[in-house]
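Chains: A, B, C, D, E and F, in written order; residue numbering restarts at 1 for each.
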Amino acid sequence: MTDTHLQQGQTIAERLNPGLRDALSAKYDAMLPGMADSLIEWAYGHAYAREGLDLKTRQLCTVAALTALGGQTGPQLKVNIAHTLAAGASPREITEAIWQMAVYGGMPAAINGLNAAAEVFAEKGIAPDQG
Amino acid sequence: MTDTHLQQGQTIAERLNPGLRDALSAKYDAMLPGMADSLIEWAYGHAYAREGLDLKTRQLCTVAALTALGGQTGPQLKVNIAHTLAAGASPREITEAIWQMAVYGGMPAAINGLNAAAEVFAEKGIAPDQG
Amino acid sequence: MTDTHLQQGQTIAERLNPGLRDALSAKYDAMLPGMADSLIEWAYGHAYAREGLDLKTRQLCTVAALTALGGQTGPQLKVNIAHTLAAGASPREITEAIWQMAVYGGMPAAINGLNAAAEVFAEKGIAPDQG
Amino acid sequence: MTDTHLQQGQTIAERLNPGLRDALSAKYDAMLPGMADSLIEWAYGHAYAREGLDLKTRQLCTVAALTALGGQTGPQLKVNIAHTLAAGASPREITEAIWQMAVYGGMPAAINGLNAAAEVFAEKGIAPDQG
Amino acid sequence: MTDTHLQQGQTIAERLNPGLRDALSAKYDAMLPGMADSLIEWAYGHAYAREGLDLKTRQLCTVAALTALGGQTGPQLKVNIAHTLAAGASPREITEAIWQMAVYGGMPAAINGLNAAAEVFAEKGIAPDQG
Amino acid sequence: MTDTHLQQGQTIAERLNPGLRDALSAKYDAMLPGMADSLIEWAYGHAYAREGLDLKTRQLCTVAALTALGGQTGPQLKVNIAHTLAAGASPREITEAIWQMAVYGGMPAAINGLNAAAEVFAEKGIAPDQG
């Protein structure tokens, strides 16, 4: 009857990042009609909302991948570090997932990832050793 | 007294992939003296053997990142899918972690990752829907 | 009433590559439930089916990007070269879009892209200078 | 008689971005003798000045590829969005080419590309929905 | 009077890889007119033929970069390992430059690079420990 | 008796960048216990401290690779340009190694690399044509 992937996506996006859909819509829909719903339906409805893997592990996988992919994903890495905290991961689990990427994406990628985590932790008032 | 990172790395490498160090040594040490121990010490001793994140999640993070990084890591992706099964993940958890990377590394990366998983599952006699 | 992005995607996928959805379903849905519909809805429904840019130019953009991204997208590059011919581009337009990527993705990426085009042209009986 | 690729390149560079060669020369030739002419001859003379694909489509292909390649090409993406407007593409054609890259380069690459377009449009006084 | 970058490029290409220009022309010029000369002029005339850095070091830099870039450059990595031997580097200098890239491009990139070197050395009858 | 790779790494890191280990420790060890020693042991002990390739060439290889890899390694590229000067390379050798990467990593990567070099040279009071 309705676009359930969009609804499922919106539910999970709201849990991880309240107001995300409206913020995307305000920023992008004028230049690209329908962008916000497309993103929510695809990224959250067709990926994070799926069964088969728990949300916290999904988020740690995303943090690892964005770290390995490097600079082009810098802003999204910070957003996803916040989402990963919201999904129940500890700061230490996040820095461990980032550091491990030094093996696969190289040391610069890992260091830039740790810097991103340090910024998010500072914004949230989390002490570095509070893992 | 001794190089404990190397020992810790060898313990975990042996658990995930028995005989890995000797296979690396036979293949690479003649052309690059000490390569096998360097790899074991670094990748397994300084990463997988660390505390703060469980081994299964570490392996799922690696599968996600290698999927997102794409082709250059194809052979290592297959090796790590096998390691991830050895660390206790289900086939479905692995394909879910791979698919989610379509959002971050693009659809080609996710499809190639699923193809790698299908090959590993076939080699191990795991049915595709056995997740 | 219904998931129109999926329907729109299926229409355009069928035009570019008849039978694509069923082929994806047969290959991937057992290991990842719903994968075929997710891919059709997202890639074709939320991208290629959009207004604002003609299909032939969309396909040439995809060929350019897959060339620049390089090896991880090799199989998808060949598929999309065929889709681009189906969307009305000439072989020469395709090789020109590929070659230009030498400036942005480097010479190896461009050469590998030309090799992919040569394979597709040969499979379709298109002479190299038939552009 | 003369280096025609350099001349052809300079003609097209001047059309897309008046004064580009001299700006490059002033910035780079002291640290790397001959850099400006090499760039103009190669990128514009051996790529954009070629027959076989129209300039507007060439520019849209470049915008797509730079979007997919991501952060390392950020400044060049903005320059090429401006070049693409100069080659006759509408803002909407540009945002469509960028968005489509979410399928191939991932969502972060597409979002960063849209942000780059928004900055260029703002600098030129183009309303977001003016496509 | 003449296109000296093309001539300079052809001289150095001939030194590193006799017959390269004609092989490129036979393979690519029908599908992309002028490709062979463009490549020789650009890659060899505007890069390798320059003063300011010796040819052997230039080749080792290329091997390092192609290793770090990974899979998309696999075939070109093997070609350049052969060019680097032709420029006077020892096998060991080559494997050292490759291995160091584990720090920057990740372990998979380094392993794939060592595998490429092993193949080139085997084709040329160079023993692995002959560095 | 002791961890010689760590000691060897610390010796060479101190030569290239006095105080590096302590700076890393102050910045990262609280959020990731042992990070500084792991980095020094791996990057400097298992790579730069190795025999078989001289330090200056190693550094030029690193500058080339970080240039080709692009944006994600921007901060590390600047650090390594400084290390490469410390290892005895001339500014011109560095800009030549960077420019050559236009062939492999694309023109944007090379331009961004030259910009990074210009910043380091300016910080050190090196005139652009002082190569």
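Basically, a contact is a pair of C-beta atoms (placed from the backbone, for glycine too) under 8 Å apart; a residue touches a chain by one contact, two chains touch by 3 or more.
This is a predicted model, so every value here is computed, not measured.
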Starting at subunit B, find the fewest moves between touching chains needed to arrive at subunit E. 1
Contact-graph distance - origin subunit A, target subunit E: 1
Determine whether subunit C and subunit F, two copies of the same sequence, contact each other through the same residue numbers or different ones, counting it as same when over half of the numbers at the interface appear on both sides. same
If every chain is reduced to the average of its C-alpha atoms, which one ends up farthest from subunit A? E
With chain centres set to the mean of the C-alpha atoms, which chain is at the far end from subunit B? D
For subunit C versus subunit D, what separation do you get between their C-alpha means, in angstrom? 23
Please tell me the distance, in whole Å, between the geometric centres of subunit D and subunit E computed from their C-alpha atoms. 28
Counting only Cα atoms for the centres, state how far subunit A is from subunit F in Å. 30
Can you list the subunit D residues in contact with two or more other chains? 42-43, 66, 68-73, 76, 92, 95-96, 99, 102-109, 131
Residues of subunit A defined as touching subunit F within the complex: 69-72, 91-92, 95-96, 99, 102, 105-109, 111-112, 114, 117-118, 121, 127-129, 131
For the complex, which residues does subunit F have touching subunit C? 68, 103-109
Quick one: which bits of subunit F touch subunit A in the complex? Just the residue numbers, please. 28, 30-32, 35, 39, 42-43, 66, 69-76
Given the complex, residues on subunit B that touch subunit F span 1, 3, 5, 38, 41-42, 46
Hey, which residues of subunit F end up touching subunit E in the complex? 42-43, 47-48, 50, 52-53, 57-58, 60-69, 73, 76, 92-93, 95-97, 99-105, 131
